[in-house]
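Quick one: this structure, given as structure tokens, is what I'll be asking you about.
Per-chain numbering from 1; labels A, B, C and D assigned in written order.
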Amino acid sequence: MRTGRLEALSDGVLAIIITIMVLELKIPEGHSFADLAHSTGVGLLTYLLSFVYVSIYWNNHHHMFHLVKEVTGGILWANLGLLFALSLLPFTTAWVDESRFARTPVFVYGLNLLAAAVAYFVLQSTAIRLQGPDSPLRRAVGSDLKGKVSTAVLIVGLAAALSPVPVWIALICFAGVAVLWIVPDRRIARAVVVGSDALPAKGEV
Amino acid sequence: MRTGRLEALSDGVLAIIITIMVLELKIPEGHSFADLAHSTGVGLLTYLLSFVYVSIYWNNHHHMFHLVKEVTGGILWANLGLLFALSLLPFTTAWVDESRFARTPVFVYGLNLLAAAVAYFVLQSTAIRLQGPDSPLRRAVGSDLKGKVSTAVLIVGLAAALSPVPVWIALICFAGVAVLWIVPDRRIARAVVVGSDALPAKGEV
Amino acid sequence: MRTGRLEALSDGVLAIIITIMVLELKIPEGHSFADLAHSTGVGLLTYLLSFVYVSIYWNNHHHMFHLVKEVTGGILWANLGLLFALSLLPFTTAWVDESRFARTPVFVYGLNLLAAAVAYFVLQSTAIRLQGPDSPLRRAVGSDLKGKVSTAVLIVGLAAALSPVPVWIALICFAGVAVLWIVPDRRIARAVVVGSDALPAKGEV
Amino acid sequence: MRTGRLEALSDGVLAIIITIMVLELKIPEGHSFADLAHSTGVGLLTYLLSFVYVSIYWNNHHHMFHLVKEVTGGILWANLGLLFALSLLPFTTAWVDESRFARTPVFVYGLNLLAAAVAYFVLQSTAIRLQGPDSPLRRAVGSDLKGKVSTAVLIVGLAAALSPVPVWIALICFAGVAVLWIVPDRRIARAVVVGSDALPAKGEV
């Protein structure tokens, strides 16, 4: 019950972020499939990617707060920091979409994803510090291999967005991190991740 | 309690989808009833249809989760798939509205409805697989006659939207499916549907 | 618990309706108080009126569902009807605002208020019918004097909006109904309304 | 449970206010960092400030309602007054942003902050009056030093916005009040504020 309203506010903000991004989809100017593909193709892809990212954060948030029973001022503000980072996604998504994958908007989009990852890490660390080294949350997080790999891949993507390599390499990095968190991967989950994953794999809940 | 946040996120997303569609209604340019009918007539009809569809999904979701006690990764993602499909409704509704019922937008709208129906079926099947063949949910769904009829009628509507028949035949198919789920139909509910309906009829809850 | 999600969806929709209306407020074109008064004066007034109306419905809904323990299909759909009527308020409010109180938009706004009142009455009657004539809800509603007076005043306002009398008479009727529901009026509440009020007066909760 | 829906509506409205402000951020017209800084720099700053203010109110609201068990009509309406004041923030924030910190919009923004502070004070006083002079809420609020200082600083900012001093002095006042509420300041919290603070300091929850 102590975490009830923090979860309610977070659910509310994430639900709205997910849903207002669809307002950015431009209505096609003509009435044919070609018009749809032309004016909405890019938008639909970027919307899907951002939808998946927000969903992943919601899933992970959901799991983490199964192991957080008490809310302190530090957790409140770390959580609001995460919500702030995610609340910028509709804006950065719309810029990527409008620019049709120009370098700078793609870089800024990746920066936004990185900011959310850092904010999530801060929230997680705050919760662990509160609970002590033997807490279930500490054990569940372990060495946080998946979190570290994700961050590294995001940084590779950011570098790619600014370097002369094709911009879709950056996009593949950003999409790859999302896939990493969606795929359940039960075997790895059982064998390795139990001790090293930031949170239980999706298929293990 | 385990399903609490999944239901909260779903309620939030569905509440927002329902409500932001009204933002698509254009303010009439003049100040007479004729101006209202001219600029809002189509919009109000399509808004009403989409409102009813989202309401039906909320009702069915509400009923289904009375019989789902545990959330797995599969259910989380199947549920997010359903929310994604429904979150596109404000976009496809606005296109139908703006085009004043042109063929392709009506087809895409129907495709959106079909995608939501398929996503709901996947969610339902995931929940049933988790619970086993003797679960109350399995018995409640039965042969899922209503779900199958709905899907068939949606596909007929999709075919109609692309064929040379008048486009309102497609719209009647889409509206007909909605009516099928609103009407309580107690007699059928008692006699037949108990064993064959995807979910309890509305009047039977 | 049975009514939990119906209340959650209603809270969500009403929260969104209240909040998106502010998106209709036009940013002033200049940077002076005169610009603010010119471009936002009417908008602020109509926003305030609609905010108060949605708040009143939320309050009454809140009170009513203290006495409703069970949800049937009929209540679900009656509730969705109320939400639909209220979801049109941002649209009708924006039209009144944009037209600067032209007759037809004011009439349509009043019609929207009347539709919400009727939808609320249907919801209340559905709940009473379910509970039977000796239920606490039935006794709390009594002869529903306040509801009847409100409806009559709304209808007078609608007539005023279409007749040659100044249009602000209609607005006073609409605002008067809101005041009727805000003002606690403890004495009347004690002496008379206990048996005749649709819901406990605000100051009596 | 009595305060459940009031908290749910408040969480919903605050979540939406936080999130729709991001819709005011203009998509840059070009695709370079300079374009981003030019069209979004001011917007991002004002968005951040308003996000922090809404967060602070949510935090304080959250704390206050730990000590409020019963909802009366007076509390309902005082709470709706607070929500109304806060719901205007997206509008006043957008005007400040669009004007690039012109005097009048900055003044109106500060007035909005002051209105929210007054509404919060009214809500707090209503809750205290209901509970009596020996209630835990009364003791937690104490002499409300932090509340009084905040109000004084806001008024200084308002005066600055209208006087010939540089406008950023007003902005510093508004931002300073936010910082006052974010910084945990444990020592002061322990030694002094326990008896004089409107609510427990953020780091003390």
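In this section, contacts are C-beta pairs under 8 Å (C-beta built on N, C-alpha and C of every residue); 3 or more make two chains touch, one makes a residue touch a chain.
Everything numeric here is computed off the predicted structure, so don't read it as measured data.
Using each chain's Cα centroid, which is most distant from the centroid of chain A?
Checked the centroid distances; the maximum from chain A is C.
In terms of residue numbering, is the interface formed by chain C and chain D classified as same (over half shared) or different (under half shared)?
Both copies, chain C as well as chain D, present different residues to each other, with under half of the numbers appearing on both sides.
How many angstrom lie between the centres of chain A and chain C, each centre taken as the mean Cα position?
Going by mean C-alpha positions, chain A sits 39 Å from chain C.
State, to the nearest whole Å, the distance from the C-alpha centre of chain A to the C-alpha centre of chain D.
28
Residues touching two or more other chains, restricted to chain C: which are they?
Touching at least two other chains: 8, 12, 15-16, 20, 23.
Which residues, counting only chain D, touch chain C once they are in their complex?
Residues in contact with chain C: 5-6, 8-9, 12-13, 15-17, 20, 23, 71-74, 76-77, 80, 83-84, 87-88, 90-91, 94-95, 98-99, 102-105, 108.
Enumerate the contact residues on chain D facing chain A in the complex.
Answer in residue numbers: 7-8, 11-12, 14-16, 18-20, 22-23, 25, 27-28, 31-33, 35-36, 40, 48, 51, 55, 58-59, 62, 182, 184, 201-205.
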